[in-house]
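In what comes next, chain A is part of two complexes: it sits with chain B in the first one and with chain C in the second one.
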Partner chain A sequence: MVTSRLIIEGYRAAQWQRIMALCCGFGMVLVAILSDIAIGPSFLPLSDVWSVLTRPGAYQGSQMLVIVWDIRLPMTLTAVVVGASLAVAGVEMQTILRNPLASPYTLGISAAAGFGAAVAILFGISLPFIGWASVPLMAFISALSASLGVWAIGRARGVSPNVLVLAGIAMLFLFQSLQSLIQYMASPEILQEIVFWLFGSLLKANWTSFMVSGAIFVAVLPFLIRDTWKLTALGMGDENARSLGLPVERLRLRMLVLISLLTAGAVSFVGTIGFIGLVAPHIARGLVGEDQRYLIPLSAFCGIFIMVCASILSKIISPGAMIPIGIVTAVIGVPFLFLLILRNKGGLT
Partner chain B sequence: MKKKILVILGLTLTTILFSGHAKAEIKVTDVLGRERVLAAPAQRVLLGFYFEDFLAITGSGAYERVVGISKGAWHNWRNSQWKAYSAVIPRIDKLADIGGTDNASFNLELAISLRPDVALLAAWQFKALGETVNRLEAAGIPVVVVDYNAQTVPTHVKSTLVIGKVMGSEQRAQTLADEYKAAVDDVTARIAKAGGATKRVYVELGNKGAGEYGNSYGKGYMWGGVINLAGGKNIADGKIERTGPLNPEYVLSENPELILIPGSYWVKNDKAVLMGFGVDIKETKARLATYLGRPGWSGLDAVKSRHVLALYHGGARTLYDYAFLQYLAKALYPEAFKDVDPQENHRRFYERYLPIKAQGSFMTRID
Partner chain C sequence: MKLEVRDLSVHYGASPVLENIDFSLKPGEKVAVLGPNGAGKSTLLKAISGLVNASGSVIMEDTLGRRESIHTACSRRSGKRSEILSSVAYLPQDGLARAGLTVLEAVLMGRHEQLGWQVSDKDLNEASEKLDRLGIRHLGQRTLDTLSGGQRQLAGLAQALYRAPRILLLDEPTSALDLFRQMLVLDDLGELVREEGMTVILVMHDLSLAARFAERILFLKAGRLIADDHSEAVLTREMVGEVYNIEAEVLRGSNGSLHIAPVRPLDMAFGEGMA
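This part shows the complex of A and B:
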């Protein structure tokens, strides 16, 4: 009687801690987002930014309205969606592969997206009616076909994590060399454009990109929520998950498709942004453990936080210029990861 | 004593003999200060870049004396120009392609097998080739370096004289160099005399179209250098080292008084600012006009005063780039350049020195 009460109390205390972690994460994300909107090279007073944000109607035709609503907000919101998508994709990739080194990039998904974009830029592919979406759509198609390729190989050889990782690494190298080939063929101006795409930059962010990437994230979320318990069980190993009656292989394939969607949605518009998919899940796991009910949202918060802080940092480092955010994310993410490695003496798993 | 006299006599004789021999040789000091010796004006040239300037300096029959080129740098990078020239000089289409010197695809074996007298390379190509230059020279091919990318009067003059010397067309080279120097000096003098406040200029390469902010150029680098020469204040100065995009918000807050969008023949891009040989100027203007629709641009001084210009990107780094400089300077100081006609100067340069006409879209502005 006494022991079970202790266990229940222990569980409740742990839950309470996790909920607190979530609340803290949410608070930090909110502060970061507001700071990002408030900071910019034109140094608008904070009070002005706030009143433009809350009462845009009163500023019709003013430059402040353009700066806040057409330039700053789309960039910040795109950073939010991209950070969340990559972080969640990273968590699930690490879960289904049971490999702490996995990220959306492990299976060559982002390399494929980069290749698709480079092809579209080099050959000037322009789709009828939706010309603006040509590059992102090509990136998306390419990313999806890469993960379908991995999926097909995995299906043929049984969906074990090792087979998936190996097929993914092969895919990664294939698309990286194809990417290099495209760069080799391009003229300097085109090359510049491709390289810039590969860096990842918020310059490409606008309301459309936010809507599309955001819609993908929102559409994927319910499927993830439905499977949270199964994913938590999968985290305990294939044997355990199977003994609980879980269709392990089907679950893995389903997740693979969702991860591709999230990754492609995130990188198609802003280009390849590295590191978030790897580091955000680790930070979250260090705080709340393997329970996916907490791990998924907290990873998303960590991803958003890193991404938005990177955006702020890139604006502070050189006001006026636009440093590709893909470069800055690693600078922000690496210290976090080092801290985690040093703190977790037992090693990261 | 007798012996001493003999030695002196012998020495004098050899000196006379060698100096006599040296007169037949051509000694060239290239833009990097490297001295190379050619037996005679080159008849078999390996040409890396600056295809138009080479032709202007050497004159007619220039490409009869070329055995190999880095084809990609012409055919792919300046496609409209390539088409215009290959139509009147069919030989350039048949020249051996020695490969790109910028990405390790340089075909050393082919280059040597062509038995050239000299390899004329751009400074950036020389840098990219690295150790391979020594291998070329070990095979008996002197490598001479020129540089118009530096975009300064001394390097333009020096490069022109070097090519003239190598090709044995020194007089033509001197004329071209003098004209170039005079034209740029004239621009500088007029601006100095005009005085007044310097205008804020924003430059952005027009390869991405209006939907996304493209690269700008920093102080003294390519178009950045042209803006400084034309007496404008580049808003990217101090923000960007060489090339890179500016924050759209920064552009709005700086409120430029003149906007310059260099265009080129990016045929495969349906949003880019199209310019070059055979391009209709109306098309350039239509593409340029889409930039005015960017968020917040309607309020910029440059847009209100219709100071939005497009210049041909392939026109920079050439012997006739002073025409573009004049066009930009004239937009900044209309009074001081009232009697200067940049478009006419550009046209005349082609008429006098090149076998094709400057037909197409090279410099324009929104109406």
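This part shows the complex of A and C:
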């Protein structure tokens, strides 16, 4: 009995460490978010940011209210949702493929989104009533159809990780070529517009983009929570998972749908944001292990943190002009990844 | 729990892997499945636990006389596992993959369908008791990817035991273990069978170990069941020679135990049934 008490205490202590990691993550995210709202062409003290956010009524008619609520908050919140969506999509991609190199982009979903956007820009497609949403909507539809393609192949041929990766690479090449074709056909002005879209940038963010991406994220969460233990069990290999009665194939297909939705929701409005879906899950895994009860939320926090910090950095580097955030995330993400590779000494495989 | 296997056949593509297997087991029987590589031993375990498509029937009957076929139990698409399915635990040959989960977490996954959001003390107690039983308590907080093959095998076994099965199907559970642990594990399984009336089917390659553990031996060759009898009756010079195509000696230890010593392989044309 003494021995089993020791084991239980060890387990509980490890749980507490993980909960603490989650709290720290949440705190860091909160600070980053407030700082991001404070920083911009005109710097606002953090205390002012806080009071404008909590008591907007008191600032009626002031410039600060417009800056915080109409300009910066939508951007920051979009960054939050995009960071969280890509990070969670990345975790689950790595889980269902049991491959640490997988990311939400492994299946070519973002390339498809880029293609959809490029088509909309090239042909000047404008939907009735919601003309402003034509480009993101086309990107979204294109991204979903690409993942539907991967899903159909997986369904017909059985969803082993290898089949999925292969199908994804095929999609990636297909849509990249189509994207290049569109760029080749486009006039210089339109080409510039397409290239700007492809760089992920928060300048495209607004309340609507936040609402749509946020709604997708919130809608996906309950499904993830329901399968938390199953996803954890999948980590021990297909054979073992099957022997434990897990419907491995169905679980993979279900996750594929959720990952596609998250990724499409994230990239359709702000363009391709690199690296978060790959790096954030790795950082989180290093801190809390593979128990998905902790891995999913901490990955989301890491994703948000990197994304918001990238946003801050992009504002500081070029005040007023804001470097596209997609460029900055990769620049931040690469050293992170190098550090992880060096620290893990081959533990990544 | 009683197990009845009737006319069981499995095909991978067009080629048969198992053909017309028939046998039944009483509760509390210890059975070893033996045979050359590719004879269909692992497939037999998978078919019994409903993990491969098979024709014929596998029927479990509990002490109350309730009968259920494993295939109807599997085809039900409801999320909840039937009682029959959860009373069978199968430990695959590959066991647990190298993963970042700790051994304790891996064992807890054995009953993932019953775990609440918070893992209860009762669950932790039972899981740690299984670790104790197999002598791997000290590995509880180690992650699977830092373990040796044998240690992972023990962790997998602890997971299978944690599911508290009535029928335990183990595919070469001792292949990576040292001599001490081979005996420890087999004696422990023997104890579980005695104490709890669990039925155990083991796939093995070590004939002497099989003789030590099992009361009954099934010999498979090229997908067919060619012998099914008491170990003394089956482990003869002729039968071992016939199944494995070797010349072997059957020796008797001072305590009466059977030992099978391979002497030399017979002709090389052998290979029938190799995958």
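The working rule: the second predicted complex is superposed on the first by the 338 of 349 C-alpha atoms of A that agree within 3 Å, B and C clash if a C-alpha of one lies under 4 Å from a C-alpha of the other, contacts with A are read in each partner's own complex, and residues count from 1 in each chain.
Assume a contact is a pair of C-beta atoms (placed from the backbone, for glycine too) under 8 Å apart; a residue touches a chain by one contact, two chains touch by 3 or more.
Keep in mind that what you see is a predicted model, and the values were worked out from it rather than measured.
Aligning the two structures on chain A places chain B and chain C next to each other without any clash. After superposing the two complexes on chain A, the angle subtended at the C-alpha centre of chain A by the centres of chain B and chain C comes to 140 degrees, rounded to the nearest 10. In the superposed model, A:R72 makes contact with chain B only, not with chain C.
Shared-chain residue A:S4: touches chain C; no touch with chain B. Of the two partner chains, neither chain B nor chain C is touched by A:N162.
By the touch criterion defined above, A:E193 lies against chain B but remains apart from chain C after alignment on the C-alpha atoms of chain A. After overlaying the two complexes on the shared chain, residue contacts for A:E290 are found with chain C alone; chain B is out of touch. By the touch criterion stated above, A:A233 is placed in contact with chain C alone, chain B being left untouched.
When the two structures are aligned on the shared chain, A:S243 is found in touch with chain C, with no touch to chain B. In the superposition on chain A, A:S177 makes contact with neither chain B nor chain C. This overlay, made by fitting chain A, leaves chain B and chain C with a least C-alpha separation of 44 Å.
Against chain C, in their complex, chain A makes its touches with residues 3-4, 7-8, 10-11, 14, 98, 229-230, 232-233, 235-237, 239-240, 242-246, 285, 289-291, 293, 347.
Those residues of chain A whose C-beta lies close enough to touch chain B in the complex are 40-43, 63, 66-67, 70-72, 122-124, 126, 131-132, 184, 187-190, 192-193, 196, 201, 203-204, 206, 315, 318-322. By the touch criterion stated above, chain C contacts chain A in their complex at residues 49, 51, 81, 85-86, 89-97, 99-102, 104-106, 109-110, 112-113, 115, 117, 119, 121, 124-125, 127-129, 131-132, 137, 140-141, 143-145, 156, 159, 163.
Within the complex formed with chain A, the residues of chain B that make contact are 72, 76-77, 103, 105, 205, 207-208, 211-213, 215, 236, 239-240, 243-250, 252-253, 264, 266-271, 295-296, 299, 313.
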